[in-house]
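Labels run A, B and C following the written order; every chain starts at residue 1.
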């Protein structure tokens, strides 16, 4: 009985986890637009947003007077938190590999992205292959283990890549006598993807036949489970999103036609620097576009890149996001001002610009029921800025995920001396240890 | 009486001799020694009798049989022979276990079907060379057995439990198949699949899916081959099926989490090896209740020699170096079964120092001894024949003057399969001598 | 056709002779001269490409072109102190790159003469308010080389030029032909990655890595000193017209450096390299600017004591060291300021040159006074590169390198309304804007 009471008490204590952020300018990115007021967080979810929110007893109160709150930033294309190479680049179709297997929760890039207000990231395989590896969406729950980072319920994806990167291994590299890998042209990239889906369709038929036989009461030997084709089968069945790295208009169109032929959808075109040229076709297919704010000039296929890409595509009805493609979290740490560039280049409204890194990527990743805007019932993934978040002068002060504080600039700063002291202590210990060893065993 | 005198004479000869090859007595009795049985309480003063390679009897009140060569154990301690739980001793390759060494010359792999870096059918027992000089160094440190594994590639091959002495390799093998050593070894650029860590993991996953399928297809064919296409013979899968236990590498706590999950997914009996961050509470959390024994590398991380003084390692790296030797103590406290392995260390003093370091970092001497005797025997399922001083077990012992792993302790002899081996005298200028020569 | 153009030229000539016609008056603007206090409702008279007058009451002469700038601001054009503009078009396409010539010591090479005035990057950069830049002959950033990958290390890459970002030819773009001699100072290879998982490097018993690297490093510094010593010897023989003296183009190029007319732009990032670079400067008695001193905080006092200015890289950057604070690179300018080290900003990438103002703003976000950030992209750069008489502020007699904005020029959402380079209004268009206009009309 005592034990039960105690349990009940603990449950109550857990349930009573309530936080209120007060006196803030809140860019909700939801129906309420931008409001001055408070956000009530209960059990990790947003319980109330508005001018007059009563502070429940025992609630943790964050006074954000003069500060701004936006939904946690979502990066639709990142390569952080990955152990080992982000590319299984040895083969043209590497759909058998899975980023989920190599998530590294100790990657400092997670924390640094968090410090820039990022709460969710789509962790992608690299772009060395026409069909790349399986991808996973994470939350930046710094300090948790790998499993604790996974955004539970978010649909996994598969990386595709078109253009220069996947065909690079098809051309001789100076100083290397490695055998050439097909394909070496955009034609070959198309063929590689078609061949793979041709195989996947047959594979799916084999399994469907097997399933039918089993349900008919027979006991056939199951077909061989092939991890490479399994991922493609999931794409055909709509269980896995396709995130396709691409630059040029021709290859974007090409992939749309493959998808049409095989009856699957491209969820997002990534980078998609010439997306503005085929915005109509992208919108008609129903794909999203996740682009760079202002990258250009680094390779031939971005020669026609324009900083107005996001604005043009959005004006033509494409669901657009802006991503970082970051490996170390640098660009992730300032996606708020990357979004603001859409105001400069193309005159997007403030709310639409911020949506490029919040609500839109949430929709692209199919998690907009959970994150992407500050609305009742959604996860309390929130960023508090000292100034207008669409300004270069704004710094993230606090970042909450599921209502828990994962970043606090003040705590970060006050903790620095302690970490440095700890390091010096270990260095000193090591120095003494080495000196002792040099003197020989006692 | 005459016979007795002769025996004593022989005993004297043996004690004085440095060389190993002597006419072997059928029975040896060590009396008046402290006996650390490991399986039970230590015997302050007792006798252990060995006959025909087995332990005949052990106890306080055991009388040496009349025909036994008697060794006076006054001032000596007898332990079960030490076992290296993951070793490359005897394997003709300079590469340390689990590291893979130079890339094997095999054709470029275009996918898992090409079975890249796989020699799962190879047995270490078939590779060992009985004249490997590392055996002697290991014996001098008290080791009598080792779980040796082939050490190239991803599926390196099957381990064998061997004794560290024998006329020919076949005499040395105690258990031919212990399990599959798996290394997360990527192919270098241009050498094909798998070139990334996630590719290696996917490959291992595919192998076990293929093995299941292989078994099913073969069974169906066995039942009724008529009208059915003959299953392809796949030696990689044959090897995998032959030895079910797998050894997976995990040093960081992140890797421990990853490999614990992976092992559970593969549904193979698994041993994790490495454990540099076994000291981390998160490592322990992930290992607890998993029935997954671990092997702790004795190669403690050290600062690289002659490094750029301008460079400072990260806090994580420094912490690893400072705390790795406390991993055994932490694992021991948490009740996670563990054993030690040499991980490329093959010098007598280095082995002794490495174990000592774990003791200096909080592991009790008893626990250290257990992690080198009964624990590895249990982990590999051979505790019925090895790992403790019990009647009927294989006569593998180490006899020391002073407590084992103490700086001043000397290994007086090791006994393997009932045969006695005495260490070579330390070459001049080693150990303390170096200090004295210092100006 | 021909007679007409001749006629035009003649007209222009006569017009300038009687003054007035090419003059433009920018009226009623809020003027931020940088070197002086803000002036509300002021006017700027531009004549012959230069700032002829600034004031509240400038008499409009008859026929003078006037531009009303009520409600907007005028700032001096910004200067990027680190680019390869005009020399590199597409980073990954070798044939479009003219940086990083072969050779260890190549002081005779001049970036200026390889500047392609029609590089697409100029237009992209200009419309964001950057009107001048330092363009370097080498793509390298420190590290005992800076030459092409795999090639022998390069120490002196050649002469960097200060250029205007607009002009029909590179001669028209020239501001300071030999603005600096680019020297990549040696470095002892740093650790790669982010501190990794604590893996030890393989082959711990191999050859001594530091001892070897240090020897190599010392030899490289010696080599640089030897080269400068040889140049000084040449200078002596040249002055005394020694018998048998023959002209050497490499050595000739070093004369302005030895005479302290041209600074050495020393790429040195690590503490050890920066310290040794300072010793080198002392020993060789040259004028120096240290480029991208990432470890600046450890040597700020010495830099200040030696009066050596620095060019700071992008604040849109992260430390490689996982233990460093996340904002370490962003607070670097504030630290330089507190230590009294003079600095300007460079983006060290053509693609990011247009983001120069945002990098400066980010320094303000992390502690740098706003005025200092503005100076670092204008007057400080001009002073460091010997162009203070030409640009960097709105002052009488300087080139009319001006930008017209609807707000703070460092802020990302601010629109640049007009750009003047040498008094000429530069059309606010480029390849990217052309594509925007064209594809917005796609049905």
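Here, contacts are C-beta pairs under 8 Å (C-beta built on N, C-alpha and C of every residue); 3 or more make two chains touch, one makes a residue touch a chain.
From a predicted model like this one, the values you see are computed outputs, not experimental measurements.
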### Task
Averaging each chain's C-alpha atoms to get its centre, pick out the one most distant from chain C.
B
### Query
Any idea which chain sits dead centre by C-alpha averages?
A
### Query
When B-C is set beside A-B, which has more C-beta pairs in contact?
A-B
### Summary
Rounded to the nearest Å, the gap separating the Cα centres of chain A and chain C is 36
### Approximate Å spacing (C-alpha centroids) for the pair chain B, chain C
62
### Query
Cα centroid separation between chain A and chain B, in whole Å?
44
### Task
Would you give the residues of chain A that are in contact with at least 2 other chains, written as numbers and ranges?
83, 106, 419, 423
### Summary
So chain C residues touching two or more other chains come to 194-195, 197, 322-323
### Two or more partner chains touched - positions in chain B
252, 254, 315-316, 321
### Query
In their shared complex, at which residues does chain A touch chain C?
83, 106-109, 111-112, 115, 175, 276-277, 279-280, 294-300, 303-308, 311-312, 315, 328-331, 333-334, 337, 340-341, 343-344, 346, 390-395, 412-413, 416, 419-420, 423
### Interfacial residue positions of chain B with respect to chain C in the complex
251-252, 254-255, 276, 301-302, 304-311, 313-317, 320-321
### Task
Can you check the complex and tell me which residues of chain B touch chain A?
108-112, 186-187, 189-199, 201-203, 205-206, 209-210, 213, 216-217, 220, 252-254, 257-258, 261-262, 282, 286, 303, 312, 315-316, 318-319, 321-322, 407, 431-432, 434-435, 438
### Query
If you look only at chain C, which of its residues touch chain B in the complex?
188, 190-191, 194-198, 200-201, 204-205, 208-211, 213, 270-272, 321-323
### Query
What does chain C use to touch chain A in their complex?
89-93, 120-121, 124, 150, 194-195, 197, 316-318, 322-323, 325-327, 350-351, 354-355, 358, 361-362, 364-366, 410-415, 431-433, 435-436, 439-440, 442
